[in-house]
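What follows is a set of structures for review.
Here come two complexes built around subunit A, the first alongside subunit B, the second alongside subunit C.
Take a look at the complex of A and B:
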């Protein structure tokens, strides 16, 4: 957890089912960022954790009205403000 | 390009995507109303992706697909098989029993039959897979098992192909199409033949009942475990050493679509498209393979199997197989196993049954009495049968699916080497432990 400009930023992978937040920034290699953007993970978009897979990874999210699954490794790169 | 990046302070594509979504989010509220309601899909997911129920449901569904593909289709395959062997029997005497009649009966009809028997399981598989795919469950299945497979160097979507491999590697290899990332798909294809298909079972049954005595069942069971273990080991190894598979793993960015009821029309259309592709591409390779083996075993014309080209080949290969404890008969049987692995059993039948074909009990008796295999070399032979080159049909499908002779050859070669190495290891360690 780190805080910038007063707001609390959390990694998407640290959220629990039912929690959500606005996407603040996405890190990682450009190819991954581009693919995430293509799926609608843009700054300011609201994203919510729906559930974790039975084995804990990957995770399922609700974003822009559809369900998306990402591995924890990938959502480590997504920061949200809650 | 770099100037654009300087001005924007970001990758242009990323800026583009942001602006695009910016615009969408401004327009959307003006044209669409209402929040997303809780749908039937959400309710289904509550059960199907449940922390405790998710995995049992997943296992039950694949088991159902497995049974559907192989059990329900089996009578149709048997019918086709029976039709062609009857036709062959009827045609051969009618044509006078010469070279031409053997070519037509054993070569052409036999070849056609061995292509067509694969049609029922393949069409049934594609029917079942289309239903799972169109309904939206296939994406969930990958979601459920991705964690395990990712650790093993594969992808969540590799699971179903690997599983189908236990029935037959052909539908297994074809089912890899559901994996969208090319590296993951290719890796799943090349380790798939290590899953012990049903055609190998008759060979295990024959050898283990002949030489393993009370350990026969354990011996057979261990073949399946060995296959899985080697598939995992090879996937991990190739991931490490082959540059093409190395580097960043593919991401798991996947939409979980809403569930829909698949329409019969689209399911049948899917099944038909994929099934016909198999027939066109793989069928040709299988057909030619069968003809080549027919020619090698029938010439010089009139000679017994031992004096035929294939017998000569067996003798030529014998020194190579000596360290494993197989003689020329084992070599010939393995050579024929290239058509379909269950033919290994039939080949022993032809070799031992002077004139006619010996029954399985007779074959087992001969193996024991003539000391063709000891328990140790018999077990090594089973392992060799498990691992060495996939049957000609699987090779055909691997070529068809990879569209590359390079990867097809690679699969054949690594499996041959692995089979030899494993059998050799079994025999050597066995000797060290005092087995004969």
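Take a look at the complex of A and C:
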């Protein structure tokens, strides 16, 4: 958990199935950020966890009306406000 | 001469199904030179007009991120097909139109196939095809690939687009005052490089330079205008 600007931000990888939030920040190397943006993970978009593999990798999400699977290292770089 | 048509779209939009519908399932399958990515080509004859259809890899965008994206992008930029058919999932418009906008930026001669219209309808979406076509400045053909609906209309649109090639006005999206100013500055510099500007759309190059696209930067590295560009970019 991380709080910036007074709001609680959580990493996608820390969410449980059924939980969701608005994307507030994407970190990591430019190429990863670019790829996540390409996949529709833009600031302000609502994203929800559909299910999680046994060790939390990969995770499946619902974003902008479609399902998306992400690896843990990708989830670690996306912050949402819940 | 046959019209060269490239099919492009996100993964899982029904691209292969449309390819099969257009070519009757007869395809020449090979590889992209030096890469383990499948390359499928087929033929289609409609009302006496011959079309050579090439199936590009399914991609979400056209950055230089993955081999698939690079193949698709290089084919459109280097081979300059007569028509590019962008297959869009109507049940997932927002996500899919991102690629469409990138193709507009690449100044491809586009026809949009709005596929999965049945699923979109089942989901309760009502898509104003005419309005979409006007906003994008492109022909938009609604299709249902699974039942072969809209295939004749698509072929007609392809033939028409091929005839109008180069005469259509491209509707660029604006990135706002600040970015547009720097984009046109870079564009003006790039235009001085005759080789580069005759091969690639300068606006697209300028945007890619700002994005820090590795492939494009590599090409500019050899350009005589590199020093001038570096001055602007700092």
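Basically, the second predicted complex is superposed on the first by the 79 of 82 C-alpha atoms of A that agree within 3 Å, B and C clash if a C-alpha of one lies under 4 Å from a C-alpha of the other, contacts with A are read in each partner's own complex, and residues count from 1 in each chain.
The rule is short, and it goes like this: a residue touches a chain if its C-beta (ideal position, glycine included) is under 8 Å from a C-beta of that chain, and two chains touch if they have at least 3 such contacts.
Keep in mind it's a predicted model, so treat the numbers as computed, not measured.
Legend: residue contacts after superposition of the two complexes on their common chain; A:60 is shown touching subunit B, with no touch to subunit C. When both complexes are overlaid on chain A, the residue A:74 reaches subunit B alone and has no touch with subunit C. In the superposition on chain A, A:51 contacts subunit B only, with no contact to subunit C. A simple residue count on subunit A separates subunit B from subunit C, and the partner touching more is B. In the superposed model, A:39 lies in contact with both subunit B and subunit C.
In the superposition on chain A, contact of A:29 is made with subunit B only, not with subunit C. In the superposition on chain A, the residues of subunit A contacted by subunit B and by subunit C overlap at 30, 34-35, 38-40, 65-66.
Partner subunit B is touched in their complex by these residues of subunit A: 29-30, 32-40, 42-45, 50-58, 60, 62, 65-71, 74.
Those residues of subunit C that touch subunit A in the complex are listed here as 60-61, 63, 65, 91-92, 94-95, 98, 211-212. Residues 30-31, 34-35, 38-40, 64-66 of subunit A touch subunit C in their complex.
If you check the complex, the residues on subunit B that touch subunit A are 11, 13-14, 17-18, 21-22, 25, 36, 45, 49-52, 54-55, 139, 143-148, 150, 156, 248, 251-257.
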